[in-house]
Amino acid sequence: MTSLESPDVLKLRSDFPILSRTVRGGRPLVYLDSGATSQRPRQVLDAERSFLEQHNSAVHRGAHQLAEEATDAYESARARIAAFVGADPGEVVFVKNATEGINLIAYAMSNSSIRTGLGPESERFALGPGDEVVITELEHHANLVPWQELCRRTGATLRWYSVTDEGRLDLDSVELTERTKVVAFAHQSNVMGTVLPVQELVRRARAVGALVVLDACQSVPHMPVHLTSLDVDFAVFSGHKMLGPSGVGVLYGRAELLEAMPPFLSGGSMIELVRLEGSTYAPPPQRFEAGVPMTSQAVGLGAAVDYLNGIGMDAVHAHELELARVALDGLAEVPGVRIIGPTDLSDRGGAVAFVVDGVHAHDVGQVLDDRGIAVRVGHHCAWPLHRRFGVAATVRASFHVYNTVDEVAQLADGVRAAREFFGVA
Amino acid sequence: MTSLESPDVLKLRSDFPILSRTVRGGRPLVYLDSGATSQRPRQVLDAERSFLEQHNSAVHRGAHQLAEEATDAYESARARIAAFVGADPGEVVFVKNATEGINLIAYAMSNSSIRTGLGPESERFALGPGDEVVITELEHHANLVPWQELCRRTGATLRWYSVTDEGRLDLDSVELTERTKVVAFAHQSNVMGTVLPVQELVRRARAVGALVVLDACQSVPHMPVHLTSLDVDFAVFSGHKMLGPSGVGVLYGRAELLEAMPPFLSGGSMIELVRLEGSTYAPPPQRFEAGVPMTSQAVGLGAAVDYLNGIGMDAVHAHELELARVALDGLAEVPGVRIIGPTDLSDRGGAVAFVVDGVHAHDVGQVLDDRGIAVRVGHHCAWPLHRRFGVAATVRASFHVYNTVDEVAQLADGVRAAREFFGVA
Amino acid sequence: MQLEQMYQEIILDHYRSPHRAGLREPFDAESFQINPTCGDEVTLRVKLDDAGEKVVDVSYETLGCSISQASTSVLTDLVVGQSVEESMRVLAAFQEMAQGRGTVEPDEDVLGDGVAFAGVAKYPARVKCALLGWMAFKDAVVRVGDVPEKGTVR
Amino acid sequence: MQLEQMYQEIILDHYRSPHRAGLREPFDAESFQINPTCGDEVTLRVKLDDAGEKVVDVSYETLGCSISQASTSVLTDLVVGQSVEESMRVLAAFQEMAQGRGTVEPDEDVLGDGVAFAGVAKYPARVKCALLGWMAFKDAVVRVGDVPEKGTVR
């Protein structure tokens, strides 16, 4: 597990056309916002384009040669993506983004809870008053609002693990019970970079028979993840955060669960038999892929996975930790900077969030932007976490494999400049 | 409203890289499957690529320059697409495909029917036992199964207009009542090409106060469509059928309705205020666009709309009608061929479906494929319509602006060859 | 013309004059299978001997293309008169070939006329056609053990 | 450095020493507004004269960036003492400038110190910051007519 040496990163960077552009009157772009969305290498752009120029067609529907080729490309992408996260191809459902993936689970549970016209196998997904869904205080809205809505629809109760001052999960803050039906949590916080204790959370959920939903949006793009070994029931992640296209994401579900779960979106390709009087559903994963899918995007995501495999996820992770270290060390020397989240590197990924005394995050971000440094400011779709720390907004720097130590070192200088500009230095 | 002359079409064709490829051992590709998915011109591929190489970033979330540029590109695409169909930008919601669009409406109604925690403005979307949803017998599964599921969830009843032997709607087959809450129908049949009497259906729906949902998947790509003039409440269409990317589609909703409608997918970007105890929703269209959207795909669809505008939708429609005439005339001369759908060109688009006595559609399709002609065989996600005509499968040829009269003329020859091959000639 | 690769003469023969077509009594179990992409259907009945060890009759009705009809016809030739165990071995071999994308060398001793379907394996969209009757047969045999009343349609 | 374009000296002055800050009694209506992208908040109170025609006081508490704070401060300078009608004209002019992408030439006679925000208009992500207080003011004025109890928070 060695980190990437600078020459490797510089070589990599030339694969990403956007990284050589300039912003704000000629400054080189320093893109530290990969937690929001990552950039795409030529290899991914080329894979999608060559699919579109050679094989584009509706998948799983036609019998002509293009349809065969398109179906092969789409299913081959599914197989490679499944292997990338240690799953079977039949356990990978293509969705438009992770948000849809979580909604898919929540609505399938909602549908199960209504019960009419469903078989007994869907009973394990049913919720009602008295039942509980447990999340954490650090969740992205995508792993929070769908559960609130599910609880609103079914009468179940939403509870959450709280977060410690260090940005870790307080495992004592919730006692799971027999009424806990779902435990849903992020693998890695998109704000603080905290890696959650998956094994322990799974153990506790299993002990009460709850389903485990892993929001792997910030882990799959940044570290090796083997979903079968993690023993979670469901997981989601988005293509656009892992050097792949927007408009495609993955819902992983254990085969046995997908087999039993009622559908969410309905329409073409997810059916077995359709009569006006009623229809039956296809087996997974097709059951969950209604309509013409994001074909070229799946192909692009397949290429992204190949690209990441070429580097090695161990190396990606090590490199990002190195960048986090540089960011944390640099910021530690700037007076008035408070890191939100863990300052040590254990159980941590690359995102670094902070506030600056006397300068609002928006204003810090503006000064950084003026220097070509793109960071994200605001609540990063994790508003409850920000409330927990008594702040409305933070500055977040987040990385991917194409970022250099040099780039990250500019962060602290930029923050210093912001303090000066606003007269708090 | 003049048709495209052959030289124009030949010039156009050079914009579509895939059209110059060969299949099945060197035969030129004759792509007559645009009803399933269309091909994309260079202009669309380039627009998406240049967005990704220059401006890619998360939209509506960042304050840095790339985020601004990406947001502008995304919203400019929305505005151009809205103008293309005679709508306001705020009435255009990006979805992954038309199927999601229809599910969005159906689930928003489902959510309204549960009532808990919603305001009185959502009452008009609520359904219950005794209420009716009315569709037609010719619907694509995408505009059928979601309504079946909605009825299953709410206890409402699904009814449908039947289809005449000529492939037209039998307007006497259903009497709308005060209990009719939704009337949902295709603008143009994806199998038979029949254009439905939108004005009359809207008039009837309005008379009983029902919401009108138009499945414009096969109209917007092929003819001028002005949704505001059609006076429908909702409409859906998919990018991939209109020379645009897969993974993006549009839900149109009248501003006043989107304003009142509860959300479907929940998560980031669709909220106003999030607390663990409960959240409030953003105004439309953001309310319906949870998560990082299909950014580059929206940009690509914007370019597709520009491309179509450059040709003119009147010309597109006229050209496709010309192709339909060639196909119908050619097939009329082949013994044993039965057209499913209208054989005259009034109120009709380009799709031509047929069966061949004594040769199964799959086998006809295989012979055509062997000659390089890509058509679709099967039920085309309109199984009830096929049952209505007593067939399991049809052959469907469908066109777009890049098809030539020459290509379409090959269809009848191919069908003749199929009859010979299977010994029915 | 690559058509002949897929539509071997044997296939066309079975298609034109299918063996053991029609639904017959008596039977132990019936299976209805459908190909959701094209709407093709097969209803297939199985009659085993009293010990439930030997396939005595297979009868069927199909609504489908030449490939699915011919392959169901060939199926009956291959399994009627065989032990249930042997018929499952044949089924496995046929399935392996059909799903093998043209990479599996079929064994004529096991598959008889079934080897004619090797060409179909190169057309992934048609593999389901070739397998439709076989899946119905497998399902029906399973049902003989399972189902109390005979001839239940799923 | 283009920063100075956005952060004009006037803006920084208002930010460092905001005018009329704090929440005061009496007031006729209060509005709470939030910027969903960044979580910034403003609570703003309006006091009109007895006829409801003139703006007598505007008081506020903000949790936000320099732009939103300064713009709320400038707002109070521009509307306190004006007729309600005039204040709405100023608001419209400010909004037009802020959303004008830098293409709208602001009128200093109408907007006073508000013209300093012309540079912000070039940064679309910050337009909402500049407008936060103004939207609260508009909402509060509407509420004066609407709401029976005073000081209701939406």
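For reference, chains read A, B, C and D in written order, and residue numbers begin at 1 within each chain.
To be clear about the criterion, a contact is a pair of C-beta atoms (placed from the backbone, for glycine too) under 8 Å apart; a residue touches a chain by one contact, two chains touch by 3 or more.
Labels paired with UniProt names: A, B = Cysteine desulfurase; C, D = SUF system NifU family Fe-S cluster assembly protein.
Because the structure is predicted, anything quoted here is derived from the model rather than measured.
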Item to check | Chain centre separation in whole Å, for chain D relative to chain B (CA means) | outcome: 45
Checklist outcome for this item: When centres are defined as mean Cα positions, the distance from chain A to chain D in whole Å is 37
Next on the checklist: Taking the mean of the CA coordinates per chain, how far is chain C from chain D in Å?
Outcome noted: 77
Next on the checklist: From the mean C-alpha coordinate of chain A to that of chain B, what's the distance rounded to whole Å?
Outcome noted: 30
Item to check | Touching two or more other chains - residue numbers and ranges from chain D | outcome: 37, 123, 126
Item to check | Sequence positions of chain B contacting 2 or more other chains | outcome: 24, 61-63, 67, 271, 273, 362, 366, 377-378, 383
Checklist entry - Linking chains that touch, what shape results: line, ring, star, complete or other? => result other
Checklist entry - Looking at the whole structure, which two-chain pairs count as touching? => result A-B, A-C, A-D, B-C, B-D
Item to check | Partner chain C, residues of chain B touching it in the complex | outcome: 24-25, 360-363, 366-367, 370, 377-379, 383, 386, 392-393, 421-423
Checklist entry - Tell me, which parts of chain C touch chain B in their complex? => result 1-3, 6-7, 12, 16, 37-41, 63-67, 123, 126, 129
Checklist entry - Within the complex, which stretch of chain B touches chain A? => result 17-18, 21, 23-24, 29, 31, 33, 36-37, 39-40, 45, 49, 52-58, 61-67, 96-100, 102-103, 107, 111, 114, 116-117, 137, 140-146, 148-149, 152-153, 155, 158, 160, 238, 240, 245-248, 263-271, 273-276, 278-279, 290-297, 362, 365-366, 368-369, 373-378, 381, 383-384, 387
Item to check | In the complex, chain B residues that touch chain D | outcome: 60-63, 67-68, 71-72, 271-273, 282
Checklist entry - What part of chain C is in contact with chain A in the complex they form? => result 34, 36-37, 123-126
